[in-house]
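This structure is in structure tokens; I'll ask about it shortly.
Order as written gives the chain letters A, B, C, D, E and F; numbering starts at 1 within each chain.
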Amino acid sequence: MKKTVCFGEIMYRLSPPGYTRFCQTQTLEATFGGGEANVSVSLANFGCDSVYVTKLPNNPIGDGAVNELRRYGVDVSHIARGGDRVGIYYLEKGASQRASKVVYDRKGSSISMAEKVDFDWERILTGADWFHFTGITPAISDSAANITMDACMFAKKMGLTVSCDLNYRKNLWKTDKAGEVMGALMPYTDLCIANEEDAGDVFGIHAKESDVSGGALSREGYMEVAEKLAARFGLKKVAITLRESLSASDNIWGAMYYDGSDYHFSRKYPVHIVDRVGSGDSFGAGLIYSLLEGAASCAAVEFAAAASCLQHSVEGDFNLVSVAEVMGLVKGGGSGRVQR
Amino acid sequence: MKKTVCFGEIMYRLSPPGYTRFCQTQTLEATFGGGEANVSVSLANFGCDSVYVTKLPNNPIGDGAVNELRRYGVDVSHIARGGDRVGIYYLEKGASQRASKVVYDRKGSSISMAEKVDFDWERILTGADWFHFTGITPAISDSAANITMDACMFAKKMGLTVSCDLNYRKNLWKTDKAGEVMGALMPYTDLCIANEEDAGDVFGIHAKESDVSGGALSREGYMEVAEKLAARFGLKKVAITLRESLSASDNIWGAMYYDGSDYHFSRKYPVHIVDRVGSGDSFGAGLIYSLLEGAASCAAVEFAAAASCLQHSVEGDFNLVSVAEVMGLVKGGGSGRVQR
Amino acid sequence: MKKTVCFGEIMYRLSPPGYTRFCQTQTLEATFGGGEANVSVSLANFGCDSVYVTKLPNNPIGDGAVNELRRYGVDVSHIARGGDRVGIYYLEKGASQRASKVVYDRKGSSISMAEKVDFDWERILTGADWFHFTGITPAISDSAANITMDACMFAKKMGLTVSCDLNYRKNLWKTDKAGEVMGALMPYTDLCIANEEDAGDVFGIHAKESDVSGGALSREGYMEVAEKLAARFGLKKVAITLRESLSASDNIWGAMYYDGSDYHFSRKYPVHIVDRVGSGDSFGAGLIYSLLEGAASCAAVEFAAAASCLQHSVEGDFNLVSVAEVMGLVKGGGSGRVQR
Amino acid sequence: MKKTVCFGEIMYRLSPPGYTRFCQTQTLEATFGGGEANVSVSLANFGCDSVYVTKLPNNPIGDGAVNELRRYGVDVSHIARGGDRVGIYYLEKGASQRASKVVYDRKGSSISMAEKVDFDWERILTGADWFHFTGITPAISDSAANITMDACMFAKKMGLTVSCDLNYRKNLWKTDKAGEVMGALMPYTDLCIANEEDAGDVFGIHAKESDVSGGALSREGYMEVAEKLAARFGLKKVAITLRESLSASDNIWGAMYYDGSDYHFSRKYPVHIVDRVGSGDSFGAGLIYSLLEGAASCAAVEFAAAASCLQHSVEGDFNLVSVAEVMGLVKGGGSGRVQR
Amino acid sequence: MKKTVCFGEIMYRLSPPGYTRFCQTQTLEATFGGGEANVSVSLANFGCDSVYVTKLPNNPIGDGAVNELRRYGVDVSHIARGGDRVGIYYLEKGASQRASKVVYDRKGSSISMAEKVDFDWERILTGADWFHFTGITPAISDSAANITMDACMFAKKMGLTVSCDLNYRKNLWKTDKAGEVMGALMPYTDLCIANEEDAGDVFGIHAKESDVSGGALSREGYMEVAEKLAARFGLKKVAITLRESLSASDNIWGAMYYDGSDYHFSRKYPVHIVDRVGSGDSFGAGLIYSLLEGAASCAAVEFAAAASCLQHSVEGDFNLVSVAEVMGLVKGGGSGRVQR
Amino acid sequence: MKKTVCFGEIMYRLSPPGYTRFCQTQTLEATFGGGEANVSVSLANFGCDSVYVTKLPNNPIGDGAVNELRRYGVDVSHIARGGDRVGIYYLEKGASQRASKVVYDRKGSSISMAEKVDFDWERILTGADWFHFTGITPAISDSAANITMDACMFAKKMGLTVSCDLNYRKNLWKTDKAGEVMGALMPYTDLCIANEEDAGDVFGIHAKESDVSGGALSREGYMEVAEKLAARFGLKKVAITLRESLSASDNIWGAMYYDGSDYHFSRKYPVHIVDRVGSGDSFGAGLIYSLLEGAASCAAVEFAAAASCLQHSVEGDFNLVSVAEVMGLVKGGGSGRVQR
């Protein structure tokens, strides 16, 4: 069993039910989510020995986050406890032309106030094969950025593969700071994952011609961006997710994976969306799992794309699907016939 | 801040959850709605000083209606209290080929039994810029029709702009009575709003060729109807909403606005429907707001169409969207990307 | 009023709400369903004197099943009481590329352990016009198969029309046993109903060219299957439902009816799915009702297809629509306009 | 099996969930209830052939009422269909010192507008043993009072036992009119049921000393009231329920039954209230059932008191308990130990 | 109509449904509450022109708080907008021996970061009769304490009556700091409200003999505390609520009011608790309203105690009861009979 | 950290919400529970290394049970997977005089069909301090009884302390068989736990005078039963829970512990019941934890009684309380004051 370690912030995800708006609701659906936690749960579902590292307060909300991760089989034994609060993200689901809306309330969370001393990376990473983080974690505070750097250095030294999902969040930092901090982390990174906008936002790397909001970036554009990313930072591998947003209800979803020599494009899936948040993370987890299992580049990107295709049909941040379900879709499924 | 006054009936809207049918449910979602109240809430959301006038009983259900309007910022200080009951409309949401179903239970409502003495229009309309009513209000009772006439006359005398949404309801009156009563109100009306069937039902004004149920009325047909309406009643402006019903789940939505000289057609939006009731009202409110803000005809109809496009994605009668959200759609949005 | 009798197993249908997965939910929606019970409720809705026969335990869950049938007007006076348990089927609704998932927990149910002595078919069938069963009932136990045979023999002897929906369930029996048992029941059957896979699974009857999972079986293929079925068993009539599964959210739905001389294809409906389970049963019920009412072959298959089209938009196994609603769709509806 | 017939109004009962107030809620629990309907369901639960007679509109809400009665085994074949609406009663549950609150919205209901011609009493009452009505039905309209008189006269002529629960509703009529109308119906009544206030409100019959709101009426007071009632109208039997209201959460409940010669007091039950509405009806049904079964006076009042004691612990108007459960309480239960 | 002004923090109140614990729930009931906001809503319900002052962020959660206050008739026109977040308090309801649990997550809320310049007290207080604050507001930040002082000084200068509920919160500050800051605010205070522990926690004022956790403080003890409080700070009036906690489900509730010359004890109410949070605030609001209406001391404390008795039976922080309901309880009600 | 091992059956617990009855509900609350699983979760909550052993099917319902245990920190690595189904128990909550009702549907569950080979007790028990089982497990099947015996023998051999809760279930076996099987297991048992009826049902051990259903067994009676139990089987320790059932809503709860030399009676708690199922298990877990921690007899029984007192206020079978919360109650709490 492969062992993976993810580090980041898990938040309380509070969401009005169905398609009601914030101003209408008197109840909130309360789950947990966050980039790296989502990856961690996915990897546990896929059968990895999945460790998730963060800091959470010693109160019932912090306990709730731990319980939720544990429920899905994540190893929570390295989570530091203390600090003030669990960060929150309020999510209002969109539909048709009305976009989903996220209100962050994560300032002062325990992980944003954590210090290096909270994490003994040598111990945490012992026996692990892979370390994953996203661009959100270094963005939440300077201290979190330092801890991330720490983790990356240990991971490299201890021979782990390191992956990073750029995941630019404009409300957490500006593009120049993001470029600087993420640029310093790239040398430790083997696999860089990005969506259609991240490379541009963080590193100013654009394809020559693109119309991102329309989702009309050409195949050549994606290849160009991957190549530039790899070249600038000496990355071995780059993966880019491809989303065409027809509306908040319907998207077309696929991905490209550059393995250092070739470009592999996955099938494109027309998805009718149940819950869109965390789809990038489910792609990352699918790719990490596939590569850890020794899949060929082509198979790996198909697995990852299929996993994240399915995630669009699952409520919540977490991608609660099994390897068998993903493989079923890869092997030609998707017609959605009832499985009795 | 512009001040608007709407007059009509607000009902208790009782609806089985999700797509369950009346015969299945043991709970009802309980909100409030009604043509002019919907316009009133929309105008309050857009930042107008929005006054809503009706009569409601002195009981907790009447209080609930007042509270719901007040919650969204509507001025409720001119609502008369008394009478027997809040009218009800039961709504079962359709999907795919199954149509939504409305069961009215509004007989004997306080507003239908109201008398002229309940409303001091001179006081109510003081300082207001716009008065709006729909064809539903004069249909609920002769007394309500008389009060509407009263309001229109004062509004005209006091220099307000008057708009009327024809909104024909076949279970409230017959077409000949509707034609007579509405015909008497048209001289006081500056802007007449209709959907693809109203002009025919109320005034027998049809385009030469049309297939309304299929939604296939031609652009020329709509222009012809608007012209005839304007000509017969000396109306300054006519707006017509254009709905192509593909199914209870998917519609195509747009609108035309005739400003007395030119015909302006909005973009057409393919909408995946969350809740369809009140979309005409949200169009009316968007148009009133835009015109009050001095928008050009073309911009006004685009704002109104975009506002009502978004309303299809909002639960309930009320269009709980902001000017910024509408403008976002007008300016090329609609891809539904998550707003973080 | 025509009198119909259906015999089979009604199960407790336990389903996570909305699109949540089994592993996420803390509540289950609890209704009842099962092939022949679904037909029975449909027939009661259409105004038949609809008798449903099964065996249910003497406990509150058994009472619940009785109540639910009674609620929709089914005659429950011939249900035997006793035995251990109500069978369960857990249903997780799919969406987009994620298929719906059924987990059966029906072993040891009262009906599967029932004996011949539990049912006095002569008394039950007196005055009835039609007897219906499906291939599920003989599959649940040898005893249930024997009782089914008993019922069929009495039905034939007493002059009823007998219909059978093949409904192959691979987790209940193997294809060879199914072929043997169902083959013995066919001689008593007047009308055989099947979906695109059943004839192949149960009797090894295939069209020459077909790609079932893609739903691309040609018109000729369906005609060929119907002809072979009729020929092998001397059936008078064969009906086949035609489903093209685009995804778990969107299907295209239609049917073919072979009346012994001609092939009648219904309209095809693009359905946006609310709940897919029981659509075959709603087709069967529509066909039985139509034929009992003396409809022409062409009208009968259109009624049945429209009925089952609407069933896709109704929550639960039962098709809670009226004759008027079905006829509305047959006569050119389907645009889903609000019915006020 | 004994056959009973109840006649009255069944209403839609709309209630905010839990202990929320009308002004807070966005959902309503939607069930059905009404004095005689409650009795009818109770009698069906006890195994009687229970017929319920009313008039309901031809719309889905009317269908819902029919379905709900049918679900619990009531014979609905004599319900007239037509008219405008199902009456509504809004119910807000109280707790501790906050009283439950009922808002009636029943004007213009189908039954209140029904006419004699809607009911063929000779046919309806054929084969029946018992006819039951309450003081609510003649109060809803003059026409309803006339129909009630009609039913009583036929019942008497056809040899049925007739019972009446006085059930004074001050918002439906004044005490003098109530006294006059009910006084005319008493001669047809064998058994009169009342609570601690009804006899005073309707007929001005009071005990010499009483403090009803405190629930402190003495045993002698109740005996006196029963005797006066019996004497004035020549009643054979009188039953009076005894409620001591400690708070909206806790009551003490018992009853007295005067069988024409002796006074029988039941046990007193301290009840912790789940839902109080319909407890008088559950007492009436218990008494009717017991007497029909030939129970001794003493046993009958104990059965009725125990049945209505249990009803306080059941959600909704209907008393969904079995004879076995009632007998369990009569025979010394009430400790509430888990029944496995 | 009397005009009142309350100043403080309104929080998002997130609560697992029913009696579920934090670690179990997947939904949260989402309302709003906070000491002074609760008083403000109560005063609006009682018919006052009730102004609530705070600072809330410009996001949908802030909008939600505004809407909720507006819904109940509070004047929200003086609420400052800006800052980062709405403070949260998580509430888990206790039962029997298990205590309710509050987890505060209010650090960094907009009001805690507000500055003097956000509030123009001269304008806000113009025309007002009464200013109310609690010991929570100065505890949330030094800046909030300064703004409170500002408000008090203006209120005094402008002739308003000022009331303060001590409301000690041990997780916001230590007793010595509380004593210092609150001590500085007392000179501006006319009426000081406290519960059985506050005076001791904040000012070290204890009765000679007391056993607070057992609720067994004697009448003399309360009189002694009130007298000491009044004496130390020259207060005109002191009110103390008296709670005997039998369990989380049952309390005995009453109050004492010292009007500067006499001590007035209210009735004691045995309350079966629906929701306990905000009961002190409902007492304060009842007292303020009564005194503003010119009630005698004795009547005022009875009104306030009855109002807060009822609040224990209402879900949420807000006391959604009317003057008529409170007066009904004062005048001898409390038996909880259904009000039809 | 002490390590405990529990062995038994965990079932799906399906329960109508609130106080609704089976026949009313359309949703079921779905949790998991079962004697030994409840103990296991409690021990994990108290901080033990708690291993739970059972067999569960390889389907999503089996996964759900695993997830729920894992969520609360139970070690699930020794759960065997396979077999047909998760057993079910349907639970209807009682109130006041209406008793809670359990309908078992557990026949054919995976654990009841498990075989010795499914469990390698030597490996499972390695490093463990305590083994716990209840009388339910040997009752579900002969095979389960054999496995239990296996486990007990290994536990004894490996030096663990063994505890058994008699937990007689009359619907699983008869008293004579129970006596025989349990009698054979007693020699391996160190601590025997029973409620007021078990010793009589299983072993025919009664106190001379008792009135169990009334809960009025005297202190002497309990002492006598404990002594007899200890004497017959050479048990070191016996614990008996003491329940006085006032109603389904209110109980008085306490316990007695006989440590081989002395009898220790705990405090008695008047409990207002939220959920009664699992209270015996929570007592057992409290006692095991306390004894493992080296508590004195007197302290141990107080801890156990307080733990189970609190469990009555927690929804579900599991006792989701912490050591701190239990100690708070032991040390004199229970007044239920809000903990902020």
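The rule we apply is simple: a residue touches a chain if its C-beta (ideal position, glycine included) is under 8 Å from a C-beta of that chain, and two chains touch if they have at least 3 such contacts.
Keep in mind it's a predicted model, so treat the numbers as computed, not measured.
Visitor: With touch defined as above, tell me whether chain E and chain F contact each other through largely the same residue numbers, more than half shared, or through different ones.
Guide: different
Visitor: Taking each chain's centre as the mean of its CA atoms, which one is farthest from the centre of chain D?
Guide: If we average the C-alpha coordinates per chain, A ends up farthest from chain D.
Visitor: Need the CA-centroid distance for the pair chain D / chain E, whole Å please.
Guide: Between these chains, centre-to-centre, one finds 44 Å.
Visitor: Quick one: report the Å distance separating chain A from chain D, using the average Cα coordinate of each chain.
Guide: Comparing mean C-alpha positions, chain D is 62 Å from chain A.
Visitor: In chain F, what residues contact two or more other chains?
Guide: Answer for chain F, listing residues that touch two or more other chains: 18, 21, 23-24, 26, 67, 72, 101.
Visitor: Hey, which residues of chain F end up touching chain D in the complex?
Guide: Going by the criterion above, the answer is residues 18-21, 23-24, 94-102, 104, 169-171, 213-215, 245-250, 276-277.
Visitor: Applying the document's contact rule, which stretches of chain F touch chain C when the two form their complex?
Guide: Of all residues in chain F, those touching chain C are 14, 17, 21-23, 25-31, 59-61, 63-64, 67, 84-86, 88, 90, 92, 101, 103, 105, 107-108.
Visitor: In their shared complex, at which residues does chain B touch chain A?
Guide: Touch list, chain B to chain A: 18, 72, 269-274, 309-310, 312-316, 320-321, 325, 329, 332-340.
Visitor: Across the complex, what residues on chain F touch chain A?
Guide: 67-68, 70-73
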